[in-house]
Amino acid sequence: MKAYLTRRYKFSASHRLHSDSMSDEENRSVYGKCNNPHGHGHNYTLEVTVAGQVEQKTGMICNLVDLDSFVQKNVVQHFDHENLNVLADFSATVPTTENLCIEVYNILEEGFHHASVEKVRMEETMLNSFEYAGGRELRT
Amino acid sequence: MKAYLTRRYKFSASHRLHSDSMSDEENRSVYGKCNNPHGHGHNYTLEVTVAGQVEQKTGMICNLVDLDSFVQKNVVQHFDHENLNVLADFSATVPTTENLCIEVYNILEEGFHHASVEKVRMEETMLNSFEYAGGRELRT
Amino acid sequence: MKAYLTRRYKFSASHRLHSDSMSDEENRSVYGKCNNPHGHGHNYTLEVTVAGQVEQKTGMICNLVDLDSFVQKNVVQHFDHENLNVLADFSATVPTTENLCIEVYNILEEGFHHASVEKVRMEETMLNSFEYAGGRELRT
Amino acid sequence: MKAYLTRRYKFSASHRLHSDSMSDEENRSVYGKCNNPHGHGHNYTLEVTVAGQVEQKTGMICNLVDLDSFVQKNVVQHFDHENLNVLADFSATVPTTENLCIEVYNILEEGFHHASVEKVRMEETMLNSFEYAGGRELRT
Amino acid sequence: MKAYLTRRYKFSASHRLHSDSMSDEENRSVYGKCNNPHGHGHNYTLEVTVAGQVEQKTGMICNLVDLDSFVQKNVVQHFDHENLNVLADFSATVPTTENLCIEVYNILEEGFHHASVEKVRMEETMLNSFEYAGGRELRT
Amino acid sequence: MKAYLTRRYKFSASHRLHSDSMSDEENRSVYGKCNNPHGHGHNYTLEVTVAGQVEQKTGMICNLVDLDSFVQKNVVQHFDHENLNVLADFSATVPTTENLCIEVYNILEEGFHHASVEKVRMEETMLNSFEYAGGRELRT
């Protein structure tokens, strides 16, 4: 009776795509206008999928109150209304949405223990989204 | 040439989260305002995924007419505009959306034979959804 | 036979809400985390409404090609992937979405003459939107 | 420089459509399955539109913090996860979404004074919505 | 206590934009690939807005059953899965979405008498929509 | 660190469901009004999922510019505003959305080499969608 719960959160942040391991010209060529020095921003939609047995007594995989309080405290409040480039999370990597997605997965994987963390999906715009499942195969 | 078809349905119902195996105080602590004695309601969005070979003659996995008539008759008309707590389906379980999702999967698994039933996804609100695939691993 | 055409565009930008006519403390109090010094960003959804007679010959209010090329050139390319605070448009005003909406309306009102510009609606997030119609009453 | 701000809120509630001034048979005929004695429920989407001058100093019509705290306290917390039929608001009227919309408008009109309350829109399902503007003509 | 009800319907149809009063070259220049001889198609979303007093006894502007049965019979079944170019409705006009919108408004205005027909909105794609209110000013 | 990128595209086309290997009566019975001789149309939403390692230097799975230019040239421009029935792609198969989905997957699988092509999802209407992953099991 393993079932899956997906919960959606939203936050807004800005970023500039620029890699210190590439020349300015290479940066402009790879990132185009996302390399604009003043940065730009997005409303990110985050979807967290956790899984587990549906408990007979409560009828729940895990209590949403626990998931919400963890994600609000450790993810949403951490990234919302921030410039991703200045956060320690991205001191060694470029704050692309791929890397943001991996970062959020790792925060959940390490700290949330009320159900199994299965996947993080991060929507950058209505046209783009990224998924990460700890490197596991998704077949999705 | 196995392909997947997902079809979306909508219905509205009310429920109250209350477990007979817990004290009133425990119920209030676990379910919060979802334990409110008068109940509350949702517009549920149901997504049914079936799979199969795409038939050469018709170009179809299965005829949508067959899927729609089965789901309308056995699921939508059964749950729409009902109070889930008073239905026989939930005489032994709490009518959480997790359990509603499992219930719908079982109805389809037992009665629909025009294609393989793969997954049921039930959206409780724009922020919450649940998936069940007969207990199989989803990697989704 | 006056009819209305609404066309939707999308762009991403960053901004920081900070008013030079207020103290730092007043800024923090009025704008909260939107006053964060590093700025943050949004995916803006812009809706432009124009109106006119439906021309008998073409069946159109105006040619979408004309509206799209004007808006792409004068609005989307101008604001997309920019930091609003450093643009000349906001040298004298705070780059709130209210002011961004008025700015876009004025660009259209002055430069687009294929149909009457009726209203500009700017969606900052799925939860917030602003409308401006040249100061006219909307009763909407 | 009058501009408009629309803010979206969500809550879930249940109701049963039944009018004491009609016979049981008439109730069933008018309301169909919405007259089901056990009630059913919806996820309501509420949109509040307020208007005013965009203040030069702040670039805002009114502070969203003020609007949000008023609506959360007086509307969302009041109706969320409730059965509308047992609330005092509907002691003399049927809790249709039309009447819920008027009720919310009146709460805002009487108590919110940071900007002019223009319109309340209440979405019952993705297919139905209602608008009320204090009885004024909308031409919308 | 005048309130507004908006109801959404969906249908799919194909059309080719071609005006007999223009040369082939002019048609290609005005309509671009919409003039493609084999036609193309859309999922249209239709929104019908009607208005009236909220009746004290029922709490309703008009019964949705009446609106739905009229629109299904006279609009949806009439246009769904059709090629608009071969319908009598468009024997004298080009089947643009502007004209389709006006056509639907006129069908409602002439035949639906349970509430006042206020506006028809027709969404051609997620990016385009058209509104018609009998030629009245919308200020929307 | 394998991650997944999903990108959304839109195009409009018309089709008529009719199989040469069935009699006219059988066609009408299987396809219903989709067999209407004049055809009808849809706004298709295409979602392409590709996967790969997130490159340390760029923080990207693959450059969206490469994916977009491939899909625009080989898929969107190929199908947009066309009648699917007259295209060579459907000379031997019925242009159902199942087959359209498989066709697009094959175009990507053969020609796009900047990341691994994982899945194609094709949304025919808001209620229907199809997925194909080269015949692999999706467990989705």
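Each chain gets a letter, A, B, C, D, E and F, in the order it is written, and its residues are counted from 1.
Please note the rule applied: a contact is a pair of C-beta atoms (placed from the backbone, for glycine too) under 8 Å apart; a residue touches a chain by one contact, two chains touch by 3 or more.
These numbers come from a predicted model, not from an experiment.
Participant: Can you list every chain in contact with both chain B and chain F?
Facilitator: Joint contacts, listed by label: A.
Participant: Starting from the defined contact criterion, work out which chains touch chain A and chain C both, please.
Facilitator: none
Participant: If you list every residue number at the chain C and chain D contact, are more than half found on both copies (same) or fewer than half (different)?
Facilitator: Both copies touch with mostly different residues.
Participant: CA centre of chain D versus CA centre of chain E: separation in Å?
Facilitator: Spacing between the chain centres: roughly 28 Å.
Participant: Please tell me the distance, in whole Å, between the geometric centres of chain D and chain F computed from their C-alpha atoms.
Facilitator: 41
Participant: Using mean C-alpha positions as chain centres, tell me how far chain B is from chain E in Å, no decimals.
Facilitator: Once rounded, the distance between the two centres reads 34 Å.
Participant: Scan chain E for residues touching two or more other chains and write them down.
Facilitator: 126, 136-140
Participant: Would you mind giving me the full set of chain pairs in touch?
Facilitator: According to the stated criterion, the contacting chain pairs are A-B, A-C, A-F, B-D, B-F, C-D, C-E, D-E, E-F.
Participant: Can you name the residues of chain B that touch chain D in the complex?
Facilitator: On the chain B side, the touching residues are 10, 12-15, 33-34, 36, 38-43, 80-83, 86, 125-126.
Participant: Per the contact definition, I'd like the list of chain F residues that touch chain A in the complex.
Facilitator: Against chain A, the touching part of chain F is residues 1-9, 49, 51, 54, 56-61, 63-65, 118-119, 133, 136-140.
Participant: Where on chain D is chain E touching in the complex?
Facilitator: 17, 19, 21-22, 30, 32, 93-96, 98-99, 101-102, 126-132, 135-140
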